[in-house]
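You will see chain A twice below: alongside chain B first, and alongside chain C after that.
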Partner chain A sequence: MNFRRLLGYNLLTAFVLGIVGFYVGWWLGHQFSGPSIAYFADTGQNDIALFLAYLVGLIGFLSGLGFASYPIQRLLGKPPSLREKETAGTGRYFTLCTDHKVVGMQYLIGIGAFIFVGGLNAMLIRFELLSPTKQTFNANNYLTIVGLHGTMMMGMMTSGILGPFANYFLPIMIGARRMAFPRIEALTFWLLMVAGVILMTTVGYGGFPTGWTGYAPLNDQANMGMDSYIVFFALVGLSMSLLGLNMIATVVTMRAPGMAWGRLPIFVWSVIATSVLMLLAAPVLISTLLMVALDRTAQTGFFNAQAGGSPYLYQNLFWIFGHPEVYILALPGMGILLEILPVFARKPLWGYRLAVTGMLGISLLSWLVWQHHLFVSGINADLRPFYMLSTELISLPTGFIFICALGTLWQGRIRFTVPMLFALAWLFNFLIGGLSGVFLSDVPSDVTTHGSFFSMAHFHYTIMGGLLFSFFAAIYFWVPKMTGYAINERFGKIHFWTMFIAFNSTFGPLLVIGFLGMPRRAVTYAGYLHGGNTWVSISAFFLGGSMLVFVGNFVWSQVFARVPVGANPWASKSIEWQLPSPVPVHNFDRIPTFGADPYPYGDGDGAGDSTAPRVVTAPARPRP
Partner chain B sequence: MSMRVQKALATLLGIVVVGILAGIYVTSLTGGPTPYRVPVAAAAGGRSVNLTIQTVAAVGPKLAPNANWVSYLVREHGIWHRSTVWTLPANSLIHVTVYQFDGKSGLRNPFLAQARGLVGDAFTLNGKSLSTINPDDASHTFAIPQLGVLVPLAGVADDAENQCDVAPCPLSTAHNTITFTFRTGKKGHYRWQCFVPCAAGFYYGFGGPMQTIGYMDGFVNVV
Partner chain C sequence: MTELADHSTDYGVVAAEPPEVMARNLRIGAHLWASASAFFFAAFLFAYFYLRALDSTAVWRPKHVDPSLTLGTLAAVSLVAAAVLLRFAVADHRADRLNAWRFKGAIVLALLLAGVVLQIVEWSTQSFGPTDGPYASVYLGWTGLLSLFVVGLLYWVETTLATSFRYRNTRRGAPVPAGHASGDGDRSDPDIENPLSLIRSELEAVSFYATFLSGIGIVTWFVLYVL
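What follows is the complex of A and B.
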């Protein structure tokens, strides 16, 4: 056996160093003593030790993957490797790799695994709510399950589309061979994976009672499981901001000749709009969580009213991040939608500039609406009308997206492929989500629906109905390009229809149940809501079953059947479809030159029309 | 072995591993330190039961993972258990004896010093019948809001001798004995809890044991 390979930078080394680091940090944390730490003696929990354990464990894990190698080599004056594992082979998927396509695949599988965990928690929630009073999970564990579901989904899905698909396709779409910061690109992925594992460990530390928002004063009072939440979200925030920075830097600096701003694919614009939000919003989250961590360890009082702090401040800081976060989730879905519709309607994207304006408008306005989450939290009454109107104003740029989508479909020669079905479902679901959102942006109706299942159903319509449906649209659309193998169409359609029907059968009634008075995050509920909840739970189980159909189809298609798709199965005119499937390691033999608008459909005879790319090739630049 | 068989075995192995991990995860959430318990059997032919509990300042390492947390314990067949989820018969009299070993911390809301919802509207404190106590003397409360039951539990004096160190506390150590009776109504699942923020070390005393089943609150499962 080649022991050198075992001892190198790889996942095994990373696990070993991560675990060793965890216990070193734990030990260090227990060396703190003194009067100011008497708190821990009283409570029998040492938050400092757990924070240090996570931190040192993270450093150990990343070092084991090789992330420390580059800075150390530079410090020692040695020539560092500019590329890591940019070769063929399976091993590159399990370590630090600077090939953006490998990182995209890592994201797809890694995030998929954590979505499975989040979905499992959703099933447990619905199982618990089959009965109004009888409990399978006790109240604390139920709150932890709800918190784990929400936090995992909101945290992981921030990179749900940018992680797999922007990392993979954005450089190709702008004619580049790599991202601007390939190591940072890989770092964002591994940070997210470590964060996910850390969040799962909360179960061993008593869980956390706050749901995904982590409100004060509960976040001060909670068990050590709260520390897992804090570290998780801080790492997600770090990953998000680095991802956003990398995307913006790549688009600004690495576009190929001829790729003017007005020729960027609409998906790239959605990535830009999202990345700006990520870069600016995530640091607010990280700072806020650092303050909470200090409250819990160094006995500061940022959010402790008894010490002069303000729990209300936490709510403001959280939602300054939290509402842009909603659009961080929504905008990539809009990009996917508008990228897919022209391909399957065989028409140019209608209103390209309007769509770009809509995305950037949403990105801007999302900063001005956060207080609508605080209408019932003691907000100054005079401020309510402004935030009500600013929230409703955001429906205008959102409307631009709908207009562009409908304009593109109008008189198109539509092919109802699986990705197209998911894209069309996005329109339906997001419309319901948007209309129900009006009730939550209006102060009078928000006062009665806040904290109810109505609110919960609304954001599931926007986030699951929007983001997750577009996520699946992207999978069915782009995975054949990523792997070179088709995904079975028949089972794809079975997946779509079961998911679409079960989704609406789950969350539609929840709007009604919320209006009838069903509160969020409550393990017991009134008897008259039993029938509705039973219906919703059964629908949710079908929804979970539809995911199993997808997983089965995905594994069957990609592992067993392996039907080659060729370079351009959708007859798309985008540049990525002019390359072989899967895309070779170096992307292009020659750096392309772009010379036309991004969506030149309609110049042929429908599905069989010219698939000639809008690209002319030029002599290659020397590789950096 | 053909490649196809290898893939099938690998897929099967993956399904098994994921299934086991999911099973462990779900089991860890359904299990826990607070099983449903019947503290004592109902007297033969009668519709009344005795419930004996104690409150301790620190539950100790033998009974709980959080050794320093304040907690309730319940006695079943002569043995003290850390369980706060109890099964009681419906439409019955519940005779409760509380051995109160914790010190005084006082009530933030004097309203809670008044006993409510008890048979006879009174409880006994060391044999003396009372309906209220000095709010400053309280250590905990025992309350089942949905049944309207509220009893203030007077704490042990700070200067009392022979105070209990480790739970379960023997009756030879300093304590107060409180007895009262309440009536369970129809079948249901009722939450009970201490309403004194008694989790020392946590902000406002509301953290840790105050929000964790198995310490300062639980459920009464009336069947």
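What follows is the complex of A and C.
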């Protein structure tokens, strides 16, 4: 074994420097003293030390991967460059690599691992709720598990589609060889991975009691586990912002000749709509969390009512980010849906412009609805009608997406493949999620359902039923292109049906249980809700089991029983399917020229045709 | 293999991308980063007016919470002056007055550094701390993070200036010496055709961002010191 390779920029070096950095930061934090932080002596809680430990640890980890090299070289006056370690074999998956396809694969596995952790937490929650009073976990631990589940899922899934699939396919779809800022692209992934690990360390510092929203004043009163939440979400925010920036810049500047705005694949439009929200909403989250960090370390009073601050300020700032965040989660799923339907209905996308309008409309309106989260928090009553109406208005552009989906399916030659099944399930789940959302946007009904399992079931229908189902649709659709190997169709269908049935069997009853008065984040509940909760828990375990079917199928198909796929197993017209599977490191031998709309189905093509007429290869260079 | 790509094609096809592509990336990247920064500081602006209007315990701004207007103004002026000077530096570069741009760039560095130092002096000499009410909280958070952004700007200007200095004797259009491809130790040649031609694009991008940040500086000064 070549031990010299272990000393270079790689994951091992990163871990070593990360751990060393953590303890250096911890030590540095204990050197601070001053009148406003004298309270540390009383409580034995040194938040400054933990923040610094995370920060220096992060710097150490990233340096170990090689991220410090380029900035230092630039500081010394070396000229700019684009690429790093793109042809370094398997090792490129474990370090800084600027190939967008490697980053996409890194995201897929990395995010998948953390979603699995979040899912395990969900199983623990449902296990606890099997009994109305008997406790496996005490209230503090239960709240930490709920918080870990929600925060991990919300944080990681923000990049759940854009991370793996937009990074991998967006440059290809627009005819480019790279993202606009390849190093930033790699950085967004590694920031997210560090963030995930930091969140999990909260258990070692006593956890946090706030759930994923991190509300004040609890966020100020909580023990050091809260710091892990703050750093996690701040890093997620930074990663989101940079990811959004990179995506927009790539689409604006890197399109191949002929790729006009009206020819962009609909998935790319969904990425644009999402990226705008990521770019602009995430900085508000970062600012807000820095304010919390200042409240907890320097004893400022942003959210402390006794010091003249206001917990409502936190709620406002959080939801200025938080509601666009909901659409950051939902929009990519809509893009996946509309990208997949034409392929398996063998029809052009119906209402391309309407779909684009819908996505951009959602993106715009999502800024104007945040106060519906504060309906029961004592907001000025005069504000309620506006936010009620603006929230209900957002169902219009969402309706556009449904119309386009149904119009595409209408009289199509539908093939019920696994990706198509997941896409169709999206329609069903998101419809229920949307309809239940109307009750929460409406002030009178929100007053009775806010903070209950009804609200929780609603957002699981939209986020899990929408995003996670489209995530799986994308996996079954695109992973054969990414790896070159098929995913077993039969086990895929078993996965789909168990997941679909168990999902609805879990969250459908939760709407009812919530309406009957089951509160969120409570470790005990009234006896009359026992039967419903038991049903839900058993369904949730089946839901968890369906994930094991997927993991088993995925590993078996991709590692042990590989079946190579051709370039275009779905007979798609999109450009990514005109490339070899997996896509070569350089994407295109020559930059293509695009000559037609993105969904030329129904022009006499058969189900087995594999050559798209819309792309002609021409100039050897990107357009000037 | 398909007609568009083949695994056997040499990786060298990605080498030496025309610099215009990266120039466009830089331009749009600076604009997008500015918009993200605007939303970042908008949160502090929101907090300022929210807490000031609420003033729930009548401790918004006690009398002794009075940061030095002189130091605050000087810090803001240094940021604005740096942005203006960078604009002139861009004009110099466009007119091929490269020594003039480098001279102005060095002054910009000094001005930005002075702005940060002035802010630190202000924090260390002021008569109040972070616990002295909501205004003090917003003031310290806002100015602290603005200073951090100024440090970032300083870094960006420095890299552009350092490249210009390092290759001041290189003839225009001449290739960068082998081994000067930054970042990747495995790479001996640049992956951008004539990467030195990107200095102007970088300068334009950083100048735009500096102008934007000076705008934030003016808003900061007005809200925290004047209002």
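To be clear about the criterion, the second predicted complex is superposed on the first by the 607 of 624 C-alpha atoms of A that agree within 3 Å, B and C clash if a C-alpha of one lies under 4 Å from a C-alpha of the other, contacts with A are read in each partner's own complex, and residues count from 1 in each chain.
In this text, a residue touches a chain if its C-beta (ideal position, glycine included) is under 8 Å from a C-beta of that chain, and two chains touch if they have at least 3 such contacts.
This one's a predicted model, so the numbers in the text were calculated from it and none came from an experiment.
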| item | value |
| --- | --- |
| Touching partner for A:120 - first (chain B), second (chain C), both, neither | first |
| Partner chain(s) touched by A:221 [first = chain B, second = chain C, both, neither] | first |
| Which superposed partner A:290 touches (first chain B, second chain C, both, neither) | second |
| Partner chain(s) touched by A:255 [first = chain B, second = chain C, both, neither] | neither |
| Contacts of A:306 with chain B and chain C, given as first, second, both or neither | both |
| Touching partner for A:209 - first (chain B), second (chain C), both, neither | first |
| Touched partner set for A:560, first chain B, second chain C, both or neither | first |
| Touched partner set for A:372, first chain B, second chain C, both or neither | neither |
| Which partner reaches more residues of chain A (counting touched residues only), chain B or chain C | C |
| First, second, both or neither for A:141, with chain B first and chain C second | first |
| Contact residues of chain A, present in both the chain B and the chain C interface | 306 |
| Of chain B, residues touching chain A in the complex | 4, 7-8, 11, 18, 22, 25-26, 28-30, 32, 34, 66-69, 85, 188-189, 191, 199-204, 206-208, 210-213, 219 |
| Touch list for chain A against partner chain B, complex | 39-45, 116, 120, 124, 133-141, 144-145, 200, 203, 206, 209, 217-218, 220-223, 304, 306, 524, 555, 559-560 |
| Residues of chain A that touch chain C when the two form their complex | 35-36, 69-71, 73-88, 177-178, 180-181, 183, 241, 245, 248-249, 252-254, 279-284, 286-288, 290-291, 294-295, 298-302, 305-310, 313, 316-317, 320, 567, 575, 578-580, 583-589, 592, 615, 617, 621-622, 624 |
| Touching residues on chain C, where the partner in the complex is chain A | 1-7, 9, 11, 13-14, 17-18, 20-22, 24-25, 28-29, 32-33, 35-37, 39-44, 46-47, 50-51, 54-60, 129-131, 133-134, 136-138, 140-141, 145, 155, 158-159, 162-167, 176, 180-187, 190-192, 195-196, 198, 202 |
